[in-house]
Amino acid sequence: MSQKLKIALPKGSLQEPTIKLLKQAGYNVYTSDRGLRPSSDDSELDIYMIRAQEIGRYLEQGFIDCGITGLDWAWEHEDALEDLAELPYSRATVRPTKWVLVVPEDSPIKTVEDLEGKRIATEGVGITQRYLDQKGVSAKIEFSWGATEVKVPDLVDAIVDVTETGSSIRANKLRIVDTLLTSFPHFYAGKEACKNEWKREKMERMVLMLKACIEARGKVGLKLNLPEKALPELLELLPSLHGPTVSHLATEGWVAVDTIIEEKVARSLIPDLKLVGAEGIIEYPLSKIVQ
Amino acid sequence: MSQKLKIALPKGSLQEPTIKLLKQAGYNVYTSDRGLRPSSDDSELDIYMIRAQEIGRYLEQGFIDCGITGLDWAWEHEDALEDLAELPYSRATVRPTKWVLVVPEDSPIKTVEDLEGKRIATEGVGITQRYLDQKGVSAKIEFSWGATEVKVPDLVDAIVDVTETGSSIRANKLRIVDTLLTSFPHFYAGKEACKNEWKREKMERMVLMLKACIEARGKVGLKLNLPEKALPELLELLPSLHGPTVSHLATEGWVAVDTIIEEKVARSLIPDLKLVGAEGIIEYPLSKIVQ
Amino acid sequence: MSQKLKIALPKGSLQEPTIKLLKQAGYNVYTSDRGLRPSSDDSELDIYMIRAQEIGRYLEQGFIDCGITGLDWAWEHEDALEDLAELPYSRATVRPTKWVLVVPEDSPIKTVEDLEGKRIATEGVGITQRYLDQKGVSAKIEFSWGATEVKVPDLVDAIVDVTETGSSIRANKLRIVDTLLTSFPHFYAGKEACKNEWKREKMERMVLMLKACIEARGKVGLKLNLPEKALPELLELLPSLHGPTVSHLATEGWVAVDTIIEEKVARSLIPDLKLVGAEGIIEYPLSKIVQ
Amino acid sequence: MSQKLKIALPKGSLQEPTIKLLKQAGYNVYTSDRGLRPSSDDSELDIYMIRAQEIGRYLEQGFIDCGITGLDWAWEHEDALEDLAELPYSRATVRPTKWVLVVPEDSPIKTVEDLEGKRIATEGVGITQRYLDQKGVSAKIEFSWGATEVKVPDLVDAIVDVTETGSSIRANKLRIVDTLLTSFPHFYAGKEACKNEWKREKMERMVLMLKACIEARGKVGLKLNLPEKALPELLELLPSLHGPTVSHLATEGWVAVDTIIEEKVARSLIPDLKLVGAEGIIEYPLSKIVQ
Amino acid sequence: MSQKLKIALPKGSLQEPTIKLLKQAGYNVYTSDRGLRPSSDDSELDIYMIRAQEIGRYLEQGFIDCGITGLDWAWEHEDALEDLAELPYSRATVRPTKWVLVVPEDSPIKTVEDLEGKRIATEGVGITQRYLDQKGVSAKIEFSWGATEVKVPDLVDAIVDVTETGSSIRANKLRIVDTLLTSFPHFYAGKEACKNEWKREKMERMVLMLKACIEARGKVGLKLNLPEKALPELLELLPSLHGPTVSHLATEGWVAVDTIIEEKVARSLIPDLKLVGAEGIIEYPLSKIVQ
Amino acid sequence: MSQKLKIALPKGSLQEPTIKLLKQAGYNVYTSDRGLRPSSDDSELDIYMIRAQEIGRYLEQGFIDCGITGLDWAWEHEDALEDLAELPYSRATVRPTKWVLVVPEDSPIKTVEDLEGKRIATEGVGITQRYLDQKGVSAKIEFSWGATEVKVPDLVDAIVDVTETGSSIRANKLRIVDTLLTSFPHFYAGKEACKNEWKREKMERMVLMLKACIEARGKVGLKLNLPEKALPELLELLPSLHGPTVSHLATEGWVAVDTIIEEKVARSLIPDLKLVGAEGIIEYPLSKIVQ
């Protein structure tokens, strides 16, 4: 029987972007409405949809080989896992998830030390516990099933919650005391799986492809023609991140330049390229960049 | 300052039907997008939206006076609460929520006793613990954040989950070992709040109105005219649940009958009413029935 | 084993309004997404979802006992069926379906006789054949899978199609030559089923309830108080369709009148009622009227 | 040829609730997607869909006989129109539209007088002009096509805008200086149309029906049985707005009471009714109440 | 007057993907809501939207020159048509439509021969007839308007239906006896149209463009830089399907390679390319590949 | 403090395509639900969302430096603005907005001169006034809040309105008398802003990038390999708009050609390219073309 890699994907808000990223990387995962195990077009994969919160636990217990989940949920299992790559994508934006310790605007609590002996509600009991342990503070942590931000000050003294822009915190008249963690998804492997050579190589190939896709996001290809003598001036303008591919054109004294740039520098770079003599500048989309 | 009753409503899947029921009962609750406390047109109410799972806890701790939540989530706090009324409504249908102990079809586990020393995943840790305690069985209960039904047999030995029709259980090739609980929403009060006379009466009035609305669901009004002498025969046909209102018509020897019947008996009752001489039978909708 | 009535309901555009009508009549039918047979809360019914076009065929073949389908599709099986009731409801409006013979505006075809030897496209081959037979005309009838109205004049000489308002006919620059049929849903029974007494009574009770629901659509209840002496004047104003229920009030010389009127006459009737002295006029909704 | 009443309905946000109200009152209006004049089932009506802002202008010019539009938009034409009825409905809630004069929180403008010589942006140029004229203030009023609230203080000194809850005003850090007007829809007639007896009566009948529908909103019917001797006590409890209909029951010494109450008092009234001995209390919906 | 090619496009589930494919190929087709003939930006085309089932018939009758429709529906007209190209696209996936002969799981029918004298319901009467003729079996074929899979065994003995994954067949407890046909869309021409040189060339150009688009789906461009001496090793890795374009870079001893690969091999190919020394590997999207 | 460019973007139907175009050009604009000023990732921009109709006014008054709005709405401010570029994009299609003078089909008005002394309703009072002034015609222009096309002939004599396809004009039985203006969005600058060197250069860079994006719409890249000797023949076929990039392949006697073509000529060009010997023709998407 052929080898299999048991991989966990995060069910919930990260599910759709994760499956889209895998698809872009060449792994088509088919989920089922009826709660069955997903299938894929890679027969070497055994895929489990597991809540992001639980992937670390099952990796540590050794029931699965590897998984994609947020650093936040894996944090408390950190010592038992191999962190193969940070994959900086997320549900909607490219911003990381940020866990913050929050109190009412007019609360006497100013620092984490003021929490000693208080009550905290949070969906992230493990994250909060690890943080308090590091700070040497002892408080009662209560699991919150949601709607956490309306619990202070009536039901608890402080909460630990996820924030994106901070605007919901201001709207609820709350104040951030400290940031516990900022978190992107990572590709984690269990210790045992890493010792198996076949599994290790399989995981590394997946990581290579996933990183190639993320690398291509926010980047574009740029092609232009240039008098050969203007080349040094052009090279100075180009960001050094990848050396451009330069080839001679049929027209004597001209070269074609093909390079990769960050989409966000295009608006300042392209007008400058014209100034040094570039012609026929075109920008085209990319889908993977292997580093 | 005027008295206030602190009431918790269940945030989540029961939120919309609960607010609809309160509106029908005459209490308009306005929720806010921005996570603020809901307001209402009854200035004596202080409303908290709290997850159904947590209402029992905060009632027991005395932070709130009363609340509507499922019997299942309040079960472990039962001894500390007053159960003022069962309110048999639910998210979509009128069926109660049913918690079942489930294993793979081909599992050796046949009875709850076989779980001794095994691992169980469930969203209802408290419910499962109370059930195992009653059965005198000791097992490891693991909190599951969801997608519980795909965890057996790879990750755990058994699960405790909610089922509606059992069809998802069959689709996943699982088997029900036992039913822990069937559960409707209830109106619970804290012990302290019950000792306050004003709060007690306020809660009883709310319960009266809520029950009047539920009573009216699935019932209709029926009016008909009848020769007075056929009245005994008619009364035999009518279900005894409410005595009909009989009044004399201007036409000598005829009476008007106005009664309430269950909608589902209409299809067999109405043809029979015609047979005993009823005329001008009309059915009309009701919105409350006070018992 | 208990008796069963095999009933066919029309799958397609009539499905939803038919199931809604049955529900109103007290028969809750539950359809399944997975193509299975529908279930219901009446254990004496065996329900089949069959395309409206085919119900007549299977009734004639005796595979089912009764069914609801349009007169149009049952037309060619008319002699083999019992027509228990016309049920004037439809998908969106209360207008019947109208089948028309249509040609291009500038076609030389003026009457059905001009079709002799021509080619006609239609989704209703049976309807068209029966119509041509009655007219003694012989033409080639071609089954059309849809988009029939764009086939003239390029692909066929005439079409037979359903129209609602005629506006699509004008938009396509077509002309109506003749109307073949106007059609509402009917409740049909097979000849054999009618001979079975239990089935016959079961069908008659269903028809009674279905008609009571349709009768109530577009009608409302009206209650008012009136000086007794103004009663004759009032009775003249009221449409004769149902005699009103008149009862004496506790206040000497006054009567309460309760009656049913068509919703669409309310706007002219109610102002007149005030003129003859009616007070406390209120209008209320009805759900069934048994005739 | 028969008489016609030319009536304008407000196109825009009031369109849907206006057509719904007319339908409830017995006038079915059919609008067309293709921009054509609406039709109706009352052949005596000629219906025009005109923007709420323009109905007053065309009524004053005499092109139409009557129309439904907000008091705000008709205000500047007030002297040329007959105001037949206020119809307190609106797009979403039952709150009136409120026009306010608004400046930045930190603006030196404190009263309307401070606007002398300043620049104001508003969608309601006529409303603002009439208001300033009444106050004897002269300022430059600039028509605003929308997004008015972001114009202060960069582009203008003050704005006149519609507010519902004031929350958008606070979110934009603005301050209300004065309220110009609160406005519900009204039924207006032109002076000429009122002189025509047929048109006058037609309009009055429409107004009677429209008011009967609005009156029924937020009210319900209540029926109960009562020992006759408890009647005085009951009558004291009932709000005086409509005398209840009392009739004798077949059971000696008992009366049936049928009355109308406001939905929002039900929650306090019904528990009290039980206390005085009422039985079989049921609440039922109403669709029109004629006063 | 200029020449015109009469082309039929399939109305129904294939309509949208067909119009999208034509657009990608450079032919913009504009359909109208009002049932009119579609227009396009190619004035040499006369476009007809015809149900996929009927295109074969009208091609055979010579009313149109060419058309895109499924092999299944054209099958019975095969001898009268020229099959210019298979176009392997479909509504949702790239899988072909599969027609199967199906019976209840427990039916005695095991092979097509067992159907002799039985009754079969199907939407594809022509397909089924041609198949039975080839097998030398005689059975009664009944046209089914839909919901075919619920007809066995109550109404017919077997059905012929389309299946995608077979899951609906299992859910209905049915069994596949034989596969009649797997079918993709094809570009068909009528015999007469093929004899006209202008039409023939026009059709061949369309087919060239349509195939170029389908060829590009599921393929991507790949560019990389490589030490010239590693070229032989690289060429061995690359699938032979298209020879890569190799050009010299300005940097001595290095070449740029530009090639096309199937998207689904990228995940195994790219890691290997790195191993032979490729640098700056980027993947980019393609829209057409002309073979 | 750093320099800022105040730029106005058109709120309303152009908002979404404008923000999408800016994003493609490298300027990410973030709008807020709460009516606040938009932010962007270019800290040198101060962005105002202003209705397209008002941008010209505020540019002329000098409150903002530059803006994107339709030629139509800026027309009356033309003399006070600098027109930096036409940007031929629009809400849905690439067609410009067309303003037409319209009358009922049977109106006696045949030319603009016939409007002398008549009444015209229009949303574009400024546009219409400027047009009438140029024609030397004097008429009463009435601001219309919408639904303009139903106002003739009952309420006004003529209207000036926007048309896309003319189909709504025909459906309303109207006739076009004259076209006032066809209009695309433009990038306008105020006179003062143009005198500031920093602002001028900033605006020119933005215009360069915006035009590069629009240029790329409807164009594609084309790559092919060719025997060198066939190059002259190929160059004749290629549209002259951009000279192709020609480079030598590693294979002796072959060149690679990379060029840009209009998407709409591909369908006629590609088959011809094959005829002159091109191989490996692939088409790929572009995102910017700098001219």
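The chains carry the letters A, B, C, D, E and F, assigned in the order they are written, with residues numbered from 1 in each.
Assume a residue touches a chain if its C-beta (ideal position, glycine included) is under 8 Å from a C-beta of that chain, and two chains touch if they have at least 3 such contacts.
Computed from a prediction, not measured in an experiment: that's the story for all the values here.
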Chain-contact steps, minimal, separating chain E from chain D: 2
Far-end chain from chain D, centres as C-alpha averages: E
Intercentroid distance (Cα basis), chain F paired with chain A, Å: 38
Where chain B and chain F are represented by their mean Cα positions, the distance between them in whole Å: 59
Residues within chain E bordering two or more other chains: 247-248, 284-285
Pairs of chains satisfying the touch condition: A-B, A-E, A-F, B-C, B-D, C-D, C-E, D-F, E-F
Residues of chain A touching chain B in the complex: 11-12, 34-37, 48-51, 53-54, 58, 63, 144-147, 149-150, 154-155, 168, 171-172
Footprint of chain F on chain A - complex, ascending: 220, 223, 225, 247-251, 256, 263-264, 266-268, 270-271, 273-274, 280-285
Residues of chain D defined as touching chain C within the complex: 25-27, 41-42, 204-206, 208-209, 212, 216, 221, 242-243, 245-248, 255, 258, 260, 284-290
